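Got some structures for you, see below.
Both complexes shown next keep chain A, but they swap its partner, so chain B is in the first and chain C is in the second.
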Partner chain A sequence: MSIAELESREIQLERPQGLWSEAWQRLRRNRGAIIGFGLVGTFVLVAIFAPLLAPYGPREQNLSLVREGCCPGPSADYWFGVDALGRDEFSRILYGARYSLLIGVVSVAVGLTFGLILGAVAGFFGGIIDGVIMRLMDIMLAIPGFLLAIGIVAMLGPGIWQIMIAVGVVNIPIFARLLRGAVLAQRENDFVLAARAVGVPRRTILGSHILPNSISPLIVQGTLALATAIIDVAGLGYLGLGPQDPATPEWGTMLTDTIRYLQTAPHLAIIPGIAIVLAVLGFNLIGDGLREALDPKLRGRA
Partner chain B sequence: MLRFVVRRLLLLLPILLGLSILVFLWIRALPGGPAQALLGERATEEAIAQIEREYGLDKPIYVQYWRYLETVLQGDLGQSVTTRRDVTEELRQKFPATIELAIAAMLFSTFFGIPLGFFAAKRYGGTFDHFSLVASLIGVSIPVFFLGIILKYVFAVQLGWLPTVGRIDVLIELEHPTNFYVIDAILAGDPAALWDVLKHLILPAIALGSIPLAIIARITRAAVLDVQNEDYVRTARAKGMPPAVVDRRHVLRNAMLPIVTIIGLQVGFLLAGAVLTETVFAWPGIGTWLVDAIESRNYPVLQGGILFVALIFVVVNLLVDVSYAFLNPRIRLS
Partner chain C sequence: MRTPLLTVEDLEVRFGTSRGLVYAVNGISFDIAPGETLGIVGESGCGKSVTSLALLGILARNGRVTGGTAMFGGRDLLKLKDEQLRLIRGREIAMVFQDPMTSLNPVLTIGKQLREPLQVHFGMDKSQADRRAVELLEQVGIPSAKQRLRDYPHQFSGGMRQRVMIAIALACEPKLLIADEPTTALDVTIQAQILELLKTLVSERDTALMLITHDLGVVAGMCERVNVMYAGMFMETGSAAALFSQPRHPYTLGLLQSVPRLDAGRRQKLMPIPGSPRNMLSPPGECPFAPRCRYEVEQSRQQVPPLEEIEPGHQVRCFNPVPADEWQRERLGGAA
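Let's look at the complex of A and B:
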């Protein structure tokens, strides 16, 4: 490397890019992440504009369409076919996006909020508080996530709010552990020591110094948790623990009885399933892309 | 090594104790309390009062907990509300079915996952690598039950190659001394029954094993890529060791550590994922048992089943930790 090159490097170093703008640049070049944003964007738009896009209502029945063999498949009038009660599958899928998105976001928000508080408190204060909180989290992690969710739904009774709470609670220890680790790593940093030395109150240090610096692993985990939440919610719905009104167009619930019609109407099972896969795939792609983009080890290699 | 194992075992105690408290409190948080949970919704006041006296439910909560702990430690998990049989007895019958399925799924995912990840790393950046990345990404995005339904549709309904439900054809008679049907068939020396049992295992095992397969392939790929650039691998190549020997003796052996860990960590997923897989294939294991228990509000079964599964999960994680320490001296000495 020539001296001129070395100098030009140093000049570059004088204006370092921020973590976020650099991450954004890397994310834009990640083909997988772009596909992920496309899928999730479509998913969100469909959820918002479902009433405008859907040709029929999600509960609208036309029993004359259902013949003995059950349920005609896709046609020009009914793009994704008709279900066992004569409802338009396409409209139900569009409306179902609302439920999956809402349930996913709310349950991750529940897990994130409580996990954030518990993890931050445990990591920042340490000592007995840390011990008690983290042992509690260990106990929750000792039950496989989906089973814990089933146990909670069994306690609260089936229903849409109940599955949101259940999936949210399952997420709490994951976020708490993650944040505690990040806080512990930040606590010993010089800028925290400096803030402490000049007498900044603990709460302010936690809120304005430690948390902002621990945020990137949380964003990655949050995105991936959304993917898992959608799968878990669909699983609970499939087991019949979701919305108790069977007319609710929730994707998992829509799959429940389809095995009976597998021979005559496979579209009833395949279409909601593909909708779930695409939504989950979208969040997974974004999560993976974000992880690579925000990884400090990869910084500057863009 | 012994000190490490003892220390990990001691750390396990508070977790198990906490778990028992959680499960104990869980049944007390049910609407109507445990007496109603036991008797069902239409129980009369007197019946509830009698049950509460009988089971000591009128005593202070810590006394109740102590009694609960005593009975559980004696291996008594109560009685199923629907069948009136001991929960432990039903467990003994259902658990082998789930384990058999989990082992089959694990074998499937390891046998395909490790080679897939290995060859993807060997052809880093090539077509096969890209293909395996895309495949594993889709693999982790498919819900277990949806994959189960699809497999059932293609191989059972459309092609008719494999059976759709259960563990064995109803017309085949087989004694079940172990409840592991594969072992039972071998013990009975009945090749036709063994073949039938294996045919029933294939689809559920693939459905359950697909996500672990994707994860194992990803980890193997990353581990092999890591190890491949190590100095000792370069040295081995430089001294003229045949590439296949380098791969086997240096690359794979050192890449095995993270792979073994991740395989162990899949056990929790297999136990939980089995709930959905078993429902799709009407597999008479712990999963269908628990789901039926929710529908019939069979709380003793739920309580005992969840406690038992959590116990298995914790113990397996411990074994993974210990084997990890066994493979890597740096951990047990730190």
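Let's look at the complex of A and C:
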């Protein structure tokens, strides 16, 4: 390393910067995370600009294409081929990104919100409140997540909003437990005692001292949960519990519709499958990158 | 003497643990007047810190005050509800903690942490509190204070952080400042600066200072009166001068003998106190120091000796006090 480089590094070290900008610096150096951001970025852009990018409408049928038999493979006009009802697969995949993203984000937001409140209350106040909340969470965790989601959808009836609620509820105990653990660890910190010693009210201590210190594992988990949520939503869609309008281009539902044509038109199953894998992979890579960037043990290392 | 600011009588603190009840503080009494500096000395685990946490009502969850009174401005701190006590904490009684590296919140700026007591107790808005925060940082000797408000604790050195802790503690101009081992985690050179700073700030405002430490040197330089604590009891109390020239309790003598001195002879060895501190899982039924004591008598194994005055202002909890000239003789003998 040259002297100029050393000097520039020192200047960088001396520049006052918060913990978040430091984490961002580390994240930027992580190749996996950058790929993840690329994938998720594409995913989000596609979701937003689907009407501009898609050559056909998601519900537009051209039955003459399937008169010869199901189903014509990729061609210049229909990049990913055509499905059993003569709809352009490429356009449907693009529109499908909207559903996966929306359902994923909303369901994780539901899980995160309730999990955050329950976990923070349980961890901070302890005692009976903690016992009741956490046993409830244990009961929820004892039921396999996907089964619980199916149960909730069965109770509420199939549909997009029902799926979001179901996947969100499944996420609540995961977030609650994670935050409770972090709050318990932070609660015993010297700076909490110091804040109490200057008369800061308990609620303020929880909100402005303990939570900001406990939030980073939750951000990581939130990103990873987005990936799982997309899989769960696809799974529920595959089981026929998804949107009831068969024309809705939801990736999981699209997979279900192709079972009968698996022998003759495997691309109809492979393409939505790849879309799901790429979206999930993107969120997982970001999640892992964030975990490394926010890990206090790695702080200060290059 | 002035009327005391805080009068503690027979304070008792217990902790419920999985191994049984821990008798952490067993009936201590002291008072402190405005402008006075009171030292509490003792080894780790003798109950010094617990005493201060109990007064502020911020003991760990398993800790309970089981007896005693602590009169402060006509109110008994130990009987107040947490919400009433919260208004006293930071406003009238403040505390500086041992480890400045962990006592500041790593994710909040220094400014935010300095504003907190001002906003809680005086209801200041952000800009008022910021102005006061700059003043405070300047008082504790932090250069370019205004810029540093936006910095995070990890951008400060240990000594600077302890200055910030002192600034936070003094933000609301409390009447009593409790400093719990304020220099233990710092370099020796920084220690002197911090002690000097505490001394100046306290005397400027006529603040009472309760200095908790295991460092006899610190006590000798700072305090007028000293309490020597062992196993949750005061073993000897008196003026710093009396205690350091004529220690009468074997434990005080042991502490003095175990500290290296510049005036000691080259061959003279340090004399450690044999044994280890008393297991605090049972209530004291004998002199707690008896198992480690050279001066132990029959009676000390049977009952706890009372704290008795042996000369004006000098009290000792011992059935067989050390002869008044023992320490002086030993020092001179050793030096010869």
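Simple rule for what comes next: the second predicted complex is superposed on the first by the 283 of 302 C-alpha atoms of A that agree within 3 Å, B and C clash if a C-alpha of one lies under 4 Å from a C-alpha of the other, contacts with A are read in each partner's own complex, and residues count from 1 in each chain.
One rule holds in what follows: contacts are C-beta pairs under 8 Å (C-beta built on N, C-alpha and C of every residue); 3 or more make two chains touch, one makes a residue touch a chain.
Since this is a predicted model, take the numbers as computed values, not measurements.
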(message) Let's test your reading of the overlay: on chain A, do chain B and chain C clash or fit side by side?
(response) fit
(message) So in the superposed three-chain picture, is A:Asn213 touching just chain B, just chain C, both, or none of them (first/second/both/neither)?
(response) second
(request) Specify the partner with more touching residues on chain A, choosing between chain B and chain C. (result) B
(request) For A:Leu262, decide between first (touching chain B), second (touching chain C), both and neither. (result) first
(request) Pick one for A:Gly126: touches chain B only (first), chain C only (second), both, or neither. (result) second
(request) Considering only the touch criterion stated at the top, classify A:Leu52 as touching first (chain B), second (chain C), both, or neither. (result) neither
(request) Can you pull out the angle centred on chain A between the C-alpha centres of chain B and chain C, to the nearest 10°? (result) 100
(message) Under the stated touch criterion, which partner chain does A:Val277 make contact with: chain B (first), chain C (second), both, or neither?
(response) first
(request) Using the touch definition from the top, say if A:Arg196 reaches chain B (first), chain C (second), both or neither. (result) second
(message) After overlaying the two complexes, what is the shortest C-alpha distance between chain B and chain C, in Å?
(response) 12
(request) State the interface residues of chain C toward chain A in the complex, per the touch definition above. (result) 53, 56, 58, 61, 86-91, 94-95, 97, 99, 102-108, 112, 116-117, 120-121, 150-152, 155, 165, 168-169, 171-172
(message) Using the touch definition from the top, list the residues of chain A that touch chain C in their complex.
(response) 16, 18-19, 126, 189-191, 193-201, 204, 208-209, 212-213
(request) Can you check the complex and tell me which residues of chain A touch chain B? (result) 32, 135-136, 138-140, 142-147, 150-151, 153-155, 157, 227, 231, 234-235, 238-241, 252, 255, 258-259, 262-263, 266, 269-270, 273, 276-277, 280-281, 284-285, 288
(message) Under the definition above, what is the set of chain B residues touching chain A in their complex?
(response) 14-15, 18-19, 22, 26, 29-31, 137-138, 140-146, 149-150, 152-153, 157, 268-269, 271-273, 275-276, 279-280, 290-291, 293-295, 299, 302, 306, 309-310, 313-314
